[in-house]
Amino acid sequence: MSTHVIVCDYDEALISRLERRRLVVRVDDPSRLNDAARFAQERNALHALWLRVDAPLSGLPFTMLEALHAVPLYLDVTAVGNFRTWRDQVDRLRRLNVLVMVPEDAPVSYRDLRILSSLLIPCGIRFGSPCPDWEALTDLLYYAAYGKVLHAPIQPFHFVLSGYERHQRTDFSGITFDDPSRYLHIDSRGCIALTRKELEQGAFIESDLEKLDAVGDLPAYQSRLESWRDFFLKQDGCAYCPGWRICLGAFAGTPGNRPGCQKFFAEFLEAAEYHLDLRTEATRTILRPWDACPA
Amino acid sequence: MANILLTQRCVRSCPYCFAKEHMSRSALEATLSWEDLIYLADLIQISGEHRVSLLGGEPTIHPEFVNYVAYLLERKIGITVFTSGIVPPRTLEDMTSAFRQIPEQRLSFVCNLNDPHLSPPTEFERIGPFLEEFGPRTVPGFNIYRPDFSLDFLFDYINRYGMVHQIRMGLAHPIPGAKNAFVSIEDIRTAMDRLVSYAPSFRRFRVVPSLDCGFPLCAFTDEQLGMLYRIVGDPIRFGCSPAFDIGPDMSVWCCFPLSTYHKKSVFEFNSIGEIVTFYREKLRGLRIEAGGLYEDCDECTYREEGKCAGGCAAHLLSRFRNEERTRMEEIYK
Amino acid sequence: MATMILKITEQCNSNCAYCDVVTNKPRAGHMPLALLETVFQRLNEFLEADPRTEMNVIWHGGEPLLVGPDYFRAAHAFQQKHCRGTQGRIRHGIQSNLTLFSDAFAEPFRALGIDQIGTSFDPEPGVRGPGKPSNTDLYNRNFMRGDVTARRHGLGAGIIYVVTKRSLERPLEVFYYLTNLRLDGGFNMNPVLLYDSRRDDLAITPHEYVEFLGALFPVWWKHQARYPNVDPFYSLTSIIRDRELRLGCSDSGRCAYGHVNVDPAGETSQCGRSSDWGLLSYGNIRDRSLADILRDTQRDVLMERNNILRNGECGGCRFWSICHGGCPLDSWPKHGDLLHRSEWGCSRKAFVERYYEPITGLRFVPHE
């Protein structure tokens, strides 16, 4: 059986066809969250519930969320909203297994992410614009990477900082379930796509759900996994950037993007190296001769 | 404890204003951003501090005032807000709903009140709504900037609004480079006589005066000190140490009267302790040049024993900067 | 250990701008299987005669994969047949542009014990690729495909990047490109070796090569852990800091009696370059044993060169022990003999003195 996590909308007929698989179930209506969780957990391992709403965090029915304390909740919202309107929910949010995602192209998001993180609520940036605000992103990176006070992870920084290895590519697209080596997206008809965007555009890699377990063998799938090499076929572009190993060209193709993008990812790489050193230091065995002494 | 300015704008124009010189040099529209507030909250926490003062201008006119206070409280940081009490109605409404349940130890106010007879007629009408709501967690503050001041109205306010039975007394000092009203060195003793003359009222209304920084010990007679002790109960401090203020642009300075003296950026320090140490050293530099307000200060045993700082250092700096430039270079930075 | 460069073909599917095989000689066909069998017989004779020695066989070309996977299966069969007692002392490697590598090569390569493919690659347009002008795009696409396939089969592929005039325009970008392509390291930056004016648009001077390396070295030195096995920096660091002597054929001063090149017709020479240039021919492998070829008296000049240089042009040079005057063949185009030092060898000295020592604070101390 394919080891992929399957991402699909809350569609009981579809989920019934995906028995015993790990699922990310997407819901647009908060009032359906509990039903979705219950149904998906009956015959599947629920990897996460993905709530996507055009509303701020402050507008969510928090009491309803509380019943989902055991379920990883991916809250895809437009902003966090006025702090005083949700400050009473801070403790509740901390108790949940939650990741609050806000859009990068909303200027308040940079503020919101700091607020969430500093209050120990895991959060992240959902990139949409091909040319983010690199300066604001760099400031946020510094906060996420070098902040001296305990704070909650900010994605995708945390993913890279905690998982970076020097001699491997680091792909943070999984934060938004868009890493085909880990996630496959399926629509209500059972058509399979490699990313959510491709699913919405109808760009499917396979239209027969029965062939789900064979997707990994499809040339198009293999080709996608190796598509990082395409950057090396261009005479000028992301492959020439020091930060490529942790961005993999995520912001390629936008005119004028490069100086800011390159500077940001170079800083990001330095931060990743710093954290790698910290991790290495933490796991290093310290010689403690006194431990060997008999009492 | 750090003083954080949320905004430089103020709703009043007090003749003694300590912040006048600082405000005149800074962008009025500057307000503290969320990012910087969070940075400061982190700095406070890594410094092992648990309380902060929020100042202005008038801090409540910052559009995020209520959110900022709520946020700092959520970060387990206690807050004292220094306000004129003239709070925008909508903000007051939000404050009421957001802070009513917060224990007074975690959120308190100091409301700086001016003599109604010397203030615009509508000022006290505008303060009333704030005191109606938050009086019981508010300490009245009063700044002495002339020797013939009156405190009678304060006892009236304390009773009317159930304010904390304490008056935070400030002594207006000269701001080097600015023209503010303050009590001259020659008039300080007269002003203190006036203060002690209110001893019967303090006793009658069970109100405790607390002296802010910069009062010289020798401005009081032994008899006056004895009377004050009977009212206050605790040893009275005659200190002058860095309170340090942080501006909305993250600049930091020793205190408002010394806002032109070695202004730095918060980002140059790693902890509150570092800031305090830095300005303590700078104050020490001033004191090396002159012990205190009076010539006797240099020889004063009370100063040597740390019982009196020798009055506000702003007097010294003001004097040094008005005389020929012969002192240590540090003085002029 | 002796080294045999086994050029099984001089044909190539690429038209690289600086290739001597392409520019100097008409291309020969593939080595006939009968001759290949003879090569293995010669190998066996040689190894049987000296049980302590080993032979490093580098499959070379042209492009050696042009011969197809069955050719390598045949080679393995010849080895099984003729080298039953000595095959444990034969190490196989291959130098290929990878553009033709496919799954079909994996099995015979495994049988021969090949686990590394030496390859070369650079992204600059017009330098590599089939046709005239070179179709770089096609070449690079095929290279990537071959690289993916090789890696899938667990075959490492270290890259030689040839520094040309085009590289000088953006040294750091080139460096990042190569380090991104090889995150686990394994590439070497060699200067393009052009001895005439045909490709002035690509040729560089030793000084330019040093400056190119100098532009990269501070970045590499600061991030050695991030960029492992990048040569010449890594090797130099092994030599200078770790005191490990890692020298290639051009620096070791020991190529005289240890190297042999066998071309598709069985003609032998000192090495690939000497063969391409028609120098140091030692006869056909059909007619002579490997032992005789490796003892050919023409080789004596290469040994004598060490003495001549040490007492002459290289006298007193503190880098002698890691350079030995460089590749003798570099002397030929300028002097018509092999007895002068290589100016490319001197570029190593220049790099160490101008960049390596000042940046690292380490000083090269000659090895005993």
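Annotations
Residue numbering begins at 1 within each chain, and the chains themselves are lettered A, B and C in the order written.
Everything that follows uses one rule, which is that a residue touches a chain if its C-beta (ideal position, glycine included) is under 8 Å from a C-beta of that chain, and two chains touch if they have at least 3 such contacts.
These numbers come from a predicted model, not from an experiment.
Among the chains in view, A has its Cα centre nearest the centre of the complete protein Cα set.
Relative to the C-alpha centre of subunit C, the farthest chain centre belongs to B. A separation of 45 Å divides the Cα centre of subunit A from that of subunit C. For this pair, subunit A with subunit B, the centres built from the Cα atoms lie 48 Å apart.
Distance between subunit B and subunit C, defined via averaged C-alpha coordinates, is recorded as 78 Å.
The set of subunit A residues that touch two or more partner chains is empty. Of all residues in subunit C, none touches two or more other chains. The residues of subunit A lying in touch with subunit B in their complex are 82-84, 87, 90, 110-111, 114-115, 118-119, 139, 143, 147-149. The touching residues of subunit B, when paired with subunit A in their complex, are 33-35, 38, 41-42, 45-46, 66-67, 70-71, 74-75, 94, 98.
Residues 123-125, 137, 140-141, 144, 147-148, 170, 173-174, 176-177, 180-181, 183-185, 223, 225-226, 228 of subunit C are the ones touching subunit A in the complex. Those residues of subunit A that touch subunit C in the shared complex are 166-169, 226, 229, 231-233, 235, 239-242, 244-245, 273.
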